[in-house]
Amino acid sequence: METIRLLAGHPAFTLHHIYASKSAGKGFADAYPAFSGVFEKQMLPMEALDEDDADAMVLALPHGHSMAVVQKLVDRGYTGRIVDLGSDFRLKNTAEYEQYYGQEHAAPHLIPGFVYGLSEWFTADIKQAAHLANPGCFATAIQLALLPLVHDHLLDTVSITAITGSSGSGATASDTTHFSTRFGNMKAYKIFGHQHEGEIYQSIRSLSVWSGRLHFTPVSGPFVRGIWAAINVKLTRPADLQPVFEQAYALKPFVRVTKTAPELKHVIGSNFTDIGWKQQDLDAVIVVAMDNLVKGAAGQAVQNLNLMFGLDETAGLLTPPLVL
Amino acid sequence: METIRLLAGHPAFTLHHIYASKSAGKGFADAYPAFSGVFEKQMLPMEALDEDDADAMVLALPHGHSMAVVQKLVDRGYTGRIVDLGSDFRLKNTAEYEQYYGQEHAAPHLIPGFVYGLSEWFTADIKQAAHLANPGCFATAIQLALLPLVHDHLLDTVSITAITGSSGSGATASDTTHFSTRFGNMKAYKIFGHQHEGEIYQSIRSLSVWSGRLHFTPVSGPFVRGIWAAINVKLTRPADLQPVFEQAYALKPFVRVTKTAPELKHVIGSNFTDIGWKQQDLDAVIVVAMDNLVKGAAGQAVQNLNLMFGLDETAGLLTPPLVL
Amino acid sequence: METIRLLAGHPAFTLHHIYASKSAGKGFADAYPAFSGVFEKQMLPMEALDEDDADAMVLALPHGHSMAVVQKLVDRGYTGRIVDLGSDFRLKNTAEYEQYYGQEHAAPHLIPGFVYGLSEWFTADIKQAAHLANPGCFATAIQLALLPLVHDHLLDTVSITAITGSSGSGATASDTTHFSTRFGNMKAYKIFGHQHEGEIYQSIRSLSVWSGRLHFTPVSGPFVRGIWAAINVKLTRPADLQPVFEQAYALKPFVRVTKTAPELKHVIGSNFTDIGWKQQDLDAVIVVAMDNLVKGAAGQAVQNLNLMFGLDETAGLLTPPLVL
Amino acid sequence: METIRLLAGHPAFTLHHIYASKSAGKGFADAYPAFSGVFEKQMLPMEALDEDDADAMVLALPHGHSMAVVQKLVDRGYTGRIVDLGSDFRLKNTAEYEQYYGQEHAAPHLIPGFVYGLSEWFTADIKQAAHLANPGCFATAIQLALLPLVHDHLLDTVSITAITGSSGSGATASDTTHFSTRFGNMKAYKIFGHQHEGEIYQSIRSLSVWSGRLHFTPVSGPFVRGIWAAINVKLTRPADLQPVFEQAYALKPFVRVTKTAPELKHVIGSNFTDIGWKQQDLDAVIVVAMDNLVKGAAGQAVQNLNLMFGLDETAGLLTPPLVL
């Protein structure tokens, strides 16, 4: 839904077809009445994908389902771009895939064809990519905060408390997304064991040598949209973080270096990631705010598509946040 | 859970046993960790109910399940009081039961044994009751606002907009209780067709002759606890509502006649129902605020138990609301 | 802020200057960090308005402050369009202005120059307007639901329960906007006495003869954005409302006639007003959902500017809602 | 208000008089309608305090106002117990008071008479105390999580992310408590500089020698009640934290050692503090959940009064949480 929200108004891309399994045959606005008058195309069955020759495809499938779809597309000779919002092709190492996702990878030969799509850090590769694995939401927020320190060999130890909205848990009703249990509540889960750690370690390794451990506490928060994280770091040496972040993101329109710790509401509905911090000798807390559905998913996918097609990175994405 | 919350601190009743189906064998505080240190008894299987000789039993079962349990209790000669929180025995007329619940009543012979437990209006009958059908949450709020007018033959026409918290939908996760769809949202459902209308009409008929129609719009609101309703009425004749409500509830400790339209937060966690109104010639809007889980369910059940056992009506129930 | 959010991405209008009193001299994104990277112009002092020759001006001032500003603009011969978001020029009748706002009107001679900007109903006048009074938020939602019935002489009696988000109360902190008192709360205010009734009566009179009374209960709800209303009406004669609403809004892109009662979240962030209803003989409840800051304020202002400048009514406004 | 909520149902204490400045002369339930029918005493002017000979007084005054009141009570020979909810007498060292509160202490000679009231750690002193300084909310949650480690010389480094509800900011409306800015938002403030650090360091010093630094990030969360904190620690040596916490709190009824990381809603409305954790070699994250108005303020005050008067520590405080 969020990808369609962003592409519906995109100046260069046209939403050609939407494929669905359960909702195939329905009008999109019948399934999602909020889109009535905005986007009303009929959804096609997944099988019809076999004949689609669109310039690009965005996959928004449950975990583990992208592998088979990509395999079929490759088998029938589809040569357009593929952007996968899921986690199937983010990790290069199949052993790590098994470690983090608890199952064997079904299509390891396809992995090398995928570029990891953290737009600000792997821009050159993304521009050349045919297949792209869009990063996880927590992974995006945490990497954007940490990689400048990693890049400058400033990161010693780190612990992360990151709070996510309920939209990160998908549309299926469950105990953890029940309004009665989530409203006014805070609940940590998968402490020291969240699967997004894998892609963060992988990016860190690609930039530097760091033998530390992420100590990551994911938290379910009482809001729908957004990820807000407080990241406590110890630096390897005294350093002012201002130039570190400014240099890292000087040419990156979607990362905003803020004067004070950023508020979550300032990025909601937008593709911005806001980063601010407070230092005290070798210690610092870096605060990050990001919309999990935009920069943490569909927005970064569109940003990557922009890069892959040689468009301005910001095309269709510079709408202001919905602060209120 | 709410019945146990209220009975755990009751001065006269002792929580003897808890019976459960799925959670049988577990400690109550294992299933509900919030009760650790407060109430930790092991839950017994439903079958063990056969030998329980408690002075009273409170049934909190899914719709349609009380009938069989009551039948078994009666069959084996259980002579204690029974309070049913469900809807199985609220309607005296089986044809109406079928109309409102869309199924035949499985134990019509047990219905006459039940007293309808709207504490403030059927007090004398409740005091004598062996079996009691606790009213529905919407039905309690609406009746407490309307019956004084009905009693005084003041009610001409009425339309009701009543907003309920998510706790009224039970603990099972569903689309309508998903945090992502309910947060910041308002959604009407079952307009002109909510099953609680049946018990309201039944009480109205017991007090007076009124040939009007309730026009009831139930609404899912973005909060967990409470029912708040705005009830628009046209009066049959000019009348100051102040003495009408004051006389109706002068001796009723749990209905508070407020000076201005009551706020929902002022009753949360308590057994109070607050009623205020604004009049203009023959028109009036009556505003009601009530905790759906307390006066709308478990609290009224305890209040009825107090009445049934000759205790002070307020025993164990005069805790202040959790305003903040 | 909302006007700027909508104009920042408008295809035909360019945001020329922003004038402010307290924040004059500051960059817009310094005052509102969420707009960093999107809109960063420096705000000018109100005095500098004297030399502005923009094609149009949008006034977003506290109640009662537009009169003097318009007077000054007229005095110095400004000939561009003026759209006033405030309430100073909505009522044609100064006696009614005094009745609803409790003060004398300071510039009655300017009133006739203003067109009342309910886009869907006074389109022809709006297209010709030099000065436009943008409707109130409650007034917009209620009129869009009622005027089709008024137009077809179908409205007999009506009572309205309308819940608004906290953004309708402005940015100044007060008891009614304190998070601790509003969270999880519902609170009615100004029952039968809200100032928006004046403009609703005025529009009704312009379409038909109706001697009834609006019975309007405004309510503060526990959300930031949006107005949701349940409107109970009695019809003057049996009539299917489907063709009534469909004919009224067939050519109106921002009013969506929905199949079931609309949900608030389906319009948030968008300029849509969704209207659905349920009928039973002569009675009906009409449910309306609208974003108070968009169609209820800044969005309707942009829609009116589009009409005033001969643009497509939807220019810059067809972004999908932020459902989640 | 919260103190009165808890004392209204206390089995041993009787609420004698309430003194107020602005609201003097009003009935308590007129000022706080939620208490109608529960507690309705008239509030007396602060001056009348001069003649009060109650066995104990609880002061709930704005920061800096307790000093003068205590001085007056001492001067006129009041010999009852005093419990101060404010921060005036928490710090023993006046230099630290000035450092954390930015002003000179006006009554340093009174400080030695006050016992710091963290009930679980300074129980013996509290039982003997005539004057008691009730701990701050953040300080209570953080100390209950850290002191067991400090006591066992297990604490090496620590960083704290603690989220508080809006009720911690008091009743006065301000930008940070505006519903529109706080709803769905997360906002850090006073990073590395919160005034509660002082009392935490003071308690740590009283138990052990630790030369580390608290790295404390306080956060405003989108809920009214509660403090939830994730505390990342590095241990000085390998150790299982289970016996550490169990021994520390075996005899402490209001600290519950939980099997998994505790949820905020499980303590709301109650005097419980729930503590759980996850370890990985020398690293651990300790999660704490507490109601800021109960154990973080009024509840701990009542608990301390129970101790001071030789009552059971739990008297009047064992009500279950309002989980929903």
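As written, the chains take the letters A, B, C and D, and residue 1 is the first residue of each chain.
Here is the rule we go by: a residue touches a chain if its C-beta (ideal position, glycine included) is under 8 Å from a C-beta of that chain, and two chains touch if they have at least 3 such contacts.
Given the structure is predicted, the values throughout are model-derived calculations rather than measurements.
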Count the touching C-beta pairs: is A-D or A-B ahead?
-> A-D
Which chain has its C-alpha centroid at the greatest distance from the C-alpha centroid of chain B?
-> A
Cα centroid separation between chain B and chain D, in whole Å?
-> 37
How far is the middle of chain A from the middle of chain B, if each middle is the mean of its Cα atoms, in Å?
-> 46
Inter-chain centre distance, chain A versus chain D - centres from mean C-alpha coordinates, in Å = 40
By the touch definition above, chain B meets two or more other chains at residues 165, 167, 180, 183-184, 223-225, 263, 265, 268, 324
Chain D residues touching chain C in their complex are 165-167, 169, 171, 173-175, 177-180, 182-184, 223-224
Along chain C, where are the residues that touch chain A in the complex?
-> 1-2, 4-5, 8-9, 32-39, 167, 183-184, 224-225, 253-254, 256, 258-259, 262-263, 265-270, 272, 274, 293, 318-324
Provide the residue numbers of chain B that touch chain C in the complex, in ascending order.
-> 157, 159, 161, 163, 165, 180-181, 184-189, 191-192, 213, 215, 217, 219, 221-226, 228, 230, 232, 234, 261, 263-265, 268, 278, 280, 283, 285, 287, 289, 324
